[in-house]
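Both complexes below contain chain A, partnered by chain B and then by chain C.
Let's turn to the complex of A and B:
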């Protein structure tokens, strides 16, 4: 029997899903709201649908509580108003009420794709490099004794003995016979092999501030989400550079703060070597995303462009350059690159003045469907 | 779709119920007949989401509530044991997975609620046939949905809900003077006014030659002009209502330009808001009263040896205190007990008040034995605000470790601000008054003589949350369909927020 509440629940879920859709722009700009935990499912704190009412401001003037403690002892963090006076859990809606909505990364990518109207990507090369692996996840009637599943065997014997009425509760003895025996068994699981490589390059010279890095982080997350949705497996590599460049892990990539001058060619050198070493272009779809504030050491530009054209761009599906606006950067580099866009179709440039522009920037980068 | 299957209690519970009912009656509780139903958690969550009624109009917020309850339950975070609604006869739902000791506790608790519903003055005007009315509401809304579409009706309901708080919770109890004064009187005042008008503000002068001095003609003329101006201005403004109206929803029903179905939906929302208002006003008392009785009945009669530990565990779980949130069960039961003890020992009246010998106060016992009587009186006449205002004592606050917390801008934490009795009490009453919501009145339905709506927020030190206020104005505009304004105080300046259908405006003086 269908119940009224199911109808309301469905309706609510629709609204929430729809809400995610409509407000996606907001989420993109607040990447920190999205946790990537567990295997694939992320819990997104989505504001519960709060019907607006005339109500008192967020901090109010406090409330009354019970318990031990001296005056001045903190009892709750700012930002979350402790229950204002009343109510057991649930009777009074709290001030900032977040509802957990489970959306898988795939769904998120779908939404991103819909919202940004991103074209599906046509992979090149051997897009189905798949290997197989055996995993012991099933049960079989036959097998070696060493793999016998005792619990299942016992259960089956118990079932049989109850069914055949030979089970006596006062003397509960179970004797498994051959047909009861159950064994652990394997299943072949196709393991997709990575066939897209993402290479992120970030300028960490003194002129890149925390805010710029936050922009890069958010944008990288969404690019990552989209490309992972498009390819079976994705390999990510990270390069940071100031006057010298090195390959680093993800964590370092987002958290390092170097200082000093900028020599973009150093990063290109590392990138070139990386592609040569790890990602033969015939088998890999290579994506490069470079983020910088556009400041480069003047004489370096010529080397840069040459290396970019000859050694990197020829191998890439897409070479994206995002220029973050920073108070110190001159922003020259994008002008140099602009001269190349006519000849090189896979070079995409985007200027990102602030957090709000991330959305458009992602659209520029991924809108080509490559 | 109706779910009318009555899920009767299993045999063993029927006998428990009969016993509990007899015990409750013995103790002096007085309640309507109570129908118990035996439901699983899904059903209980459904009833709870529907605030106890098996049928509500379709709306996503019930789904949201249900989702939260089900998730909370399936992750083992929370559990509802029972649900009871204020109708005659009362309806109560019991969770079928409760253990026997729990069921006893819960049934005793339910009878406490039923007694409170029946006898507390604040519940007196509520509709005891609400079960039918709510079902009628559902049917009506469903009909509108069929006719005008889900989207349209739901959006309109959302707009109404956004204004749901703007009712006058005291209205059902108010008997206004002029509702009952016979017409004669109003004639009399009319006459007075007339005589007032005809004498033009002249002072009586007995000697004619003095008249020009006592009532100088130019002053008289100026007065007359002034009067006329005022009169004209009044007419021009044609402002209504004549006195500020707290029941904004009623005002909208009477004056807003609504289509018939919208009018009906708004009146449904208002009816339900009034029905639920007393439950908000008496949360502490209601839960306290029910807890007082379950604990009294259980410890006196109900428990078998085997159940003591389980009972104690669950009782104390319900009564747990937390530093950030007052537990209404806890303050309620403690305060009822405190009142009972004080009146049993005669700790009241001027003699007690004037005694400041600490030792004497501690051992004060006049064996007055009025406790029971007093708490029954309290449950009859008080609501949370008056209850706490009347019975909260410094000793009680100290014993229960009450404190007041406030936001510390410097370290962005809420901190214990004070344990001083008067501050705690003030804060507590503040947060209970009008359910902690701002008091807002309509003062003018024809503002600027342009049919605009003007509301005033009665500022009590707490500013409105501006983004919410703007969105609420937008919703108000949906109903009023002319520009709407609300006067409030923002950053210590008198401010008017306005919305004219296209843009928001904020003016401060």
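Let's turn to the complex of A and C:
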């Protein structure tokens, strides 16, 4: 039976979801929630949700059903009453009040999918990787008291009682003994999993400023949220590069600033080796997301394109390249990649001039359903 | 004659020149330093050029530390252009330093900045250009640099003066 509070809670959640959905573009573009991310939930500041609540009146002012009033008489004094306030209410709206609400990452991913009309992802190949999960589907004679199955224990005691002719229908009393005890038990079942490897590559050269990195961080958060919702097991790897590249942890990825030049091919080498070493393409759905201002140095573009085509893109479900605009504008690298898009349909390009373009960029990247 | 005097003479000879195709002028001093400027217009007061190069033989093959010294000295000395300049990227492997306007100038729908490339490789040690980048469009176009004769003389002088002593 559902309780009133459950209905109220469901309705509250609907209101919150509605508010989040309404402002999703803002949240996506400005990354307001990223700093509030927990393990599985995100706290979101949602404006203008008024929560009704009871307030106690002054002591001795009577209670419910007490006092001089007649039945049906309105509570309180009717009409406008003079008060002790500082004057009439202002005509301008006050400061917006925000309330932090928690939304699970799965819910957030669903909202993102609905809002951007993202197609469900079709994993490539077979669900090759198998993991074992415990399911409590069997019964055992041994086990801890916390797992005792009372109904089965009672039935077994009843059977024993009838079989031993000690059962008296006119005075039915069953006392289970140790051999009657039945316990819930588990069975390990193999479950096929679709696994995804997400490889993020970021240019951290001197021309990539904090604002550009913030854009990358925000976009990566949403991509991560969506892909984790689509796959059972997601492995994330991070590569940063200037003139040289290296694999780093998530924190370093987002907070490193180098001053070196830009050689994108160095990152491609690390990415290629990473795929060869850790993610056999037959078993993994591989997604690469590269972000740079596109200001590649020297004659590096030729090496980049060769490596990208021959060693990386052939193994990827999607190769996404986002070119963010630095204070010096947007570089040439995206032009080189545009020449490849006709032959390689898993290559997706997006130009991100500023924060407001993040929303559309995510749609571009994930809109293919691969 | 030093590079400043030589380039001054060249400018005098080019007075009245204007063309969409740059005319490259090269002068060499006693230390075999070669200054090259691709002029697109020269009048009695000012010049417009698309690039300026300076080849400094004594810096070829040196480590980026020497270039860094030059980059810092140059950034501190050259403060009279449209924007200040400063080192942005240092490529140890290629022995190159990228210097740009800090910050670049924001125009309506575009950004313009100076870019200086210092390199210790055999094919060049100093290259100055100015670029324009349209907002929301990838790539950038080279734009002409316009300086008065005096400013150009000062720039060439400062350029030579800040070359690190590696002897």
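By our rule, the second predicted complex is superposed on the first by the 235 of 370 C-alpha atoms of A that agree within 3 Å, B and C clash if a C-alpha of one lies under 4 Å from a C-alpha of the other, contacts with A are read in each partner's own complex, and residues count from 1 in each chain.
In this text, contacts are C-beta pairs under 8 Å (C-beta built on N, C-alpha and C of every residue); 3 or more make two chains touch, one makes a residue touch a chain.
Not measured: the values here are computed from a predicted model.
In the superposition on chain A, A:5 makes contact with chain B only, while chain C stays out of contact range. When the shared chain is aligned, chain B comes close enough to touch A:54, but chain C does not. A count of residues in chain A touched by chain B and by chain C gives the higher number to B.
Contacts of A:169 after superposition: neither chain B nor chain C is touched. When the two complexes are overlaid on their common chain A, residue A:325 makes contact with chain C while staying clear of chain B. When the two complexes are overlaid on their common chain A, residue A:144 makes contact with neither chain B nor chain C. On chain A, the patch touched by chain B and the patch touched by chain C do not overlap at any residue.
On the side of chain A, the complex with chain B involves touching residues 1-5, 7-13, 15, 48-49, 51-79, 81-91, 99-100. Taken together, the chain C residues at the contact with chain A in this complex read 87-94, 96, 98, 100, 103-104, 111, 113, 131, 133-140. Contact residues on chain A toward chain C in their complex (touch as defined above): 205-207, 242-244, 259-263, 294, 297-298, 323, 325, 327-335, 351, 353. Touching chain A in their complex are the following residues of chain B: 1, 3, 45-46, 49-50, 55-56, 58-64, 66-69, 71-72, 78, 154, 158, 161-166, 283-284, 321-331, 400-408, 411-419, 424, 427-428, 430-432, 436-438, 440, 457, 461-469, 471-472, 475, 486.
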